[in-house]
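Below are two complexes that have chain A in common, paired first with chain B and then with chain C.
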Partner chain A sequence: MSLAEPAALPVATSAAPRLEVIRRFTTRFKASLPAYLLLLPSLVFLALFTYGAMGRVVLDALYQRATPKAPVRFVGLDNVSAVLADPAFTGAVVNNLIYAVGTAVPSIGLALLFALALARTNAVSSALRAALFLPVLIPMVAASALFMFIFLPNVGLLDFYIGRLLPVLPNWLGDPDVALYAIMVITIWKNAGYYMLFFLAGLQAVPEDVMEAAHLDGAGPYRRFRHIILPELKPTFLFVIVIATLNAVTQVDHVFVMTQGGPSNSTNLVLFYIYQQAVEHYDVGKASAATLLTLAALMGLTALSFRTMANREGGP
Partner chain B sequence: MLFSRRLMLGLAMAGSLASALAFPALAGEGPTEIDLFFPVPVDGKLARDMGTLIKEFNETHPDIKATAVYTGSYDDTLIKTRAAIKAGKPPSAVIMSANFLLDMQIENELTNLDALIKADGTTKEQFLGQFFPALQGNAVINRSVYGVPFHNSTPLLYINADKAKEAGLDPNKPPQTWAELTDWAKKLTKRDGDKVTQWGIAIPCAYDYCGWMMETLTMSNGGRYYNEEFGGEIYYDTPSMLGALTWWNDLIYKHKVHTPGATPGPAVSTSFISGNAAMMMLSTGSLTYVRDNAKFAYKVAFIPRNVRNAVPIGGASLIVPAGLEADKQKAAWTLIKWMTSPEKSGWWSRATGYFAPNMAAYKTPEMVDFLNKNPDAKTAVEQLDVAKPWFATYKTVPVRKTLEDEVMLVLNGKKQPKEALVAAQKAADETLKPYNAETSLKLP
Partner chain C sequence: MKLMDWFTRDAPLATRNEITPKLGFLLTLLLAIVWLVPFLWMVVATLRPASDGINAMAELMPSVKPTLDNIRDAWEIGDFPRYTLNTTLICAGILLVQFVTITLAGFAFARLNFVGKTPIFYLFLMQLMLVPVLLIVPNLSLVAQLGLYDTLTGVMMPFFASAFGTFLMRQAFEAIPTELEDAALIDGASLLQRIRHIYVPLSMPSFSAFAIISVTSHWNDFLWPLMVINSPDKRPLTVGLSVFTKTAEGTQAWGTIAAGTLMVIGPLLVTFLIFQKRFISSFVTSGIK
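And then the complex of A and B:
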């Protein structure tokens, strides 16, 4: 009893502001309730299929079993260090870096070239645009099946034509030194037309009057390109680079179809490594840890690029 | 984890409620519904044949309603089966690559079929006695039956008979030893300066096929490849395998009769069909494809030996996943027995090119007739006398891959056979370590 009396005092004094906070919160909540209700369906699905899955990956990455029949136990970051110590993972990261740079740079370069060449709309350029965009419409798996035939050693389309010029040809998909580059060719072929669309859109945004002014001032095509078009296309560049990098990590259908990461792991990319750990090694812990590492790297990269982009657009 | 599991349970309940409302008939008494997961490892026509087979089963078994679910390649089928087991909804029967059974049994994912065999009033010996002895090794684990052989294969030597005659060789006396094969390959290789216009022989090497071919060459060189009795041992760094890999390497770099690098199976068969390779080693599963596409006379023969005639089997068995209700298990067992009966087994063999595991299938009149018309289908069956089980260990696929990666380096001239096999052995032992820790090295 004696204890309750002094306790009553602080409650009494603090009750008013706390109530105030709650009241303010509830009124605000009431006001935005319809908005939350409208968001609810997407929130439910996001929670189920995106955040739920991500949460599960984080949890799975922390557990491992020591022997086949042993129960899973909490191992902290052991899975992450096991992945980092795995030469197959580091090999896949190196391959993926080569693959990312080796596909992003040429496909973006080609895309820009195509866009500049086909910026003016007329019957010929429309037809050419459609032709260049065609590979985008072919599903990656179908494209891989096509290229498997093109790359067939000795009897494939490629060897049939080049074979007349060169006596000895590489085994395109069977030689560890060549296979990754053969795979990269497909990605470039498939993505250049897609990125071209972004550059075409970007070119539309280059102000006509600035170009005209430059023209009148006697700036040649190179100077107009270097000092007007390129700076104007910067946001497009950043966006396309982000997309190209994401594609380099997430679009590995052709690896599944054509090489299965081989020969001798030479075309093993990070996503395929994760698949191997989860499916072939049946090691969910390690697969989840590798997923987390990849996710962290991708999110970091994306955040960085978009911040740079925001700075550019918001800056003077 | 708890959160998502509860969520899943809720979803599953909602789902089953919805389906019960939508299909009230299913909720009540009716035929037992079972799913059969089946892969198509060779070509698309198999899926249609499977549909025909299951339709006939359902018509003759009104109390069971089986549905065939296409699940991709052998590897995909393993993935999907495991995912279904994890989700608590295992399929009732699966056509599973024969060398995945041991790994699944170690992971407690298979139903021991002994009790079902016993319930039929037959003994294990009687039941297994229906099948070719070579197929039993991959179906029996620790003296219990876990799988029923469904369609099987062995590797064969395919010879372009026209080219052989052209080179002065008699296709009716195919090479029987590695020495003879090397000689044939040399005579069948045509050169135009530095350029080879026709290769003597092609042997496939891509993941899965490469391990199988290495087992083929190692076995015909007297080796075993793996411990048939225990899933924790693999024999890569051995004289028999060293001889096998060295010979393969010599065919490329010493005799120059085999194209350098790793060539996947489809590239090998295309090369043979187009006349670019005069001989090839490939599965019996490709026989139908060759028969339908070769525009020249061809011959099939046993895989030549160096020490002895021996080849591994390939193909798939029917399994029943663990964790099924009793009625589904029983229905699945009825389906499995029906599918592996001599008549159906023979029908499937003729439709696909695999051989029928049930020996009695070859006594059916349809089969006798078929073999008279297609004597080349006989070779695979005759070779079964010297066939042995397909390698199966704890984590079969990663263990196999350690060897395949190294073999690919050798075939590309980047490593010598000995150092490659030492590296493969080391990597494989590392993968097998956890299993050994709990079996062979778990001491009192």
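And then the complex of A and C:
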């Protein structure tokens, strides 16, 4: 309390200006009141399910129960170190990295190809765009149901048609060395059409007259692509890479439906690990610690996307 | 090569002889066909009678004696009308509440000045990055504490506020001339009346773009409802389909699985084919759902 005393003095001596400041602030606050009331419904739900959830992840990660019915006790960073020491988690992280790169690169590459080929709008290109976009619309669970048959050993679609060409075929979803790649095929099929839309939008920004001028100067298709189109698409690339990476962490329903992380954890991804800890092992502490680590790992990416999006939205 | 000529007919004259764009187009055409194969198989397998045998299951040529048996079986095994109802309720409930929250918040950001506008804007922006599906563990315990475990409301609640929707509405409202509002102000219209009678009717295109994104993404949600819902009669389509698939897989009833999948995605595909342009432009604005 002794610290507060000197600070109280200037208030006593200059009460009038200080009051003025408070009064001005309250009038500004009163003027802001309608805005706060309008924001209130959104803020309540954001507070409960976004910021509050963040806070609860941090808290839950610091506590542990010995058995599901036992009282919680504070364990500090034990959960975090337990998760980091869990080979299933580190395995899931490695799988998720392979999965992220192995889905983002091909689907973005294909998306760019599709966009370049279908940039001109006519009946044929519209139909092809629609065909490539169809997988985006359907639930991942439905895609999994279809691909479960496609990958079915012996009688499945893939073995039925490709089996005539290749003598030995792997068990696509049953072989630990192959299953993760089979899962990746579904993601690429499902997302390429989505990213194509952003490249189509980005290509609109490429000035037609510059392209023509380059052509008159003797630049072939490759050089026009390399020196005019690619630089123009840079922001699109950045944006699509962010979305593809987020998708690689969050869009993993097919693992739940098709492989349950198996065979021998070869398709276990981080979100599935979190789900297993929470729902199958009732270990909220460990699940929260894994969530926390995932969120932290996405921080670099989020900072990047934050800036991109703030630019896109144009600030407040 | 007729198709090729047709494809390049509105390219600049001088570039029509270049080979690379044509190869790119051919490759895309080929891949588009490959992209459609799973859908084609789904339709063919749905109509294939079980008497064709398991070895003909992968055949993409339609069966000579098509049947609706698979659809009937899927209809009887899975509780699809119930699942469809649940999914519809979830999507409609989320959308209704979102309309209110994003209109009000979007208006505040578009037209009002208030203390702390910038920090609050960034608070909203944060939601775009803290993807709800990553917060399933804390949100599940909150939903349970609120007594909403195993209820459709519990499934809907985390999505009632939408930063993406708020920004979309803010943009739409900013484009509306203030003169319109001033006129209403002179006539003595209150804030809510001005929002209701001036801003909302003029922003319908943005609302419908948002509705498309919101409904398709929640129609497809799987993990969150899987965790919240326990009773079979409250399952949405995605969870219902996954359970149905598990059951039918055991008996190798692939025709039935194809029929069930067709029933789940049929409505989405038909809606898309009707409103194709709208869907595509909405998805372009979405970026992050």
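Please note the rule applied: the second predicted complex is superposed on the first by the 280 of 316 C-alpha atoms of A that agree within 3 Å, B and C clash if a C-alpha of one lies under 4 Å from a C-alpha of the other, contacts with A are read in each partner's own complex, and residues count from 1 in each chain.
Just so we're on the same page, a contact is a pair of C-beta atoms (placed from the backbone, for glycine too) under 8 Å apart; a residue touches a chain by one contact, two chains touch by 3 or more.
What you see is a predicted model; the values in this text were computed from it and never measured.
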{"item": "More chain A residues in contact [chain B versus chain C]", "value": "C"}
{"item": "Touched partner set for A:P167, first chain B, second chain C, both or neither", "value": "first"}
{"item": "Partner chain(s) touched by A:F133 [first = chain B, second = chain C, both, neither]", "value": "second"}
{"item": "Touched partner set for A:F239, first chain B, second chain C, both or neither", "value": "second"}
{"item": "First (chain B), second (chain C), both or neither touched by A:R56", "value": "both"}
{"item": "Chain B versus chain C as contact partner of A:P176, first or second or both or neither", "value": "first"}
{"item": "First (chain B), second (chain C), both or neither touched by A:V279", "value": "both"}
{"item": "Partner chain in contact with A:V155 - chain B first, chain C second, else both or neither", "value": "both"}
{"item": "First, second, both or neither for A:A35, with chain B first and chain C second", "value": "second"}
{"item": "Touching partner for A:S264 - first (chain B), second (chain C), both, neither", "value": "first"}
{"item": "Touching both chain B and chain C, residues of chain A", "value": "48, 52, 56, 148, 152, 155, 279"}
{"item": "Residues of chain A touching chain B in the complex", "value": "48, 52, 55-56, 59, 66-70, 148, 152-155, 163, 167-168, 170-171, 173-177, 260-265, 276, 279-282"}
{"item": "Footprint of chain C on chain A - complex, ascending", "value": "28-29, 31-32, 34-36, 38-39, 41-46, 48-54, 56-57, 60, 110, 113-114, 116-118, 120, 122, 124, 126, 128-150, 152, 155-157, 159-161, 189, 193-194, 197-198, 200-201, 212, 215-216, 220-222, 239, 243, 246, 249-250, 253, 256-257, 271, 274-275, 278-279, 284, 287-288, 291, 294-295, 298, 302, 305-306, 309-310, 312-313, 315-316"}
{"item": "Contacting residues of chain B [partner chain A, same complex]", "value": "1, 3-4, 7, 75, 78-79, 82, 106-108, 193-195, 199, 205-207, 259-264, 266-267, 270-271, 274, 276, 394-395, 397-398, 401, 404-406, 408-409, 411-412, 414, 431, 434-435, 437-438"}
{"item": "Complex contacts: residues of chain C adjacent to chain A", "value": "3, 6-7, 10-12, 14-15, 18, 20-21, 24-25, 27-29, 31-33, 35-39, 41-42, 45, 54-55, 57-60, 100-102, 104-105, 107-109, 112-118, 120-121, 123-142, 157-158, 160-163, 166-167, 191, 216, 219-220, 222-223, 226-227, 237-239, 241-242, 245, 249, 254, 257-258, 260-261, 264-265, 268-269, 272-273, 276, 279-280, 283-284, 287-288"}
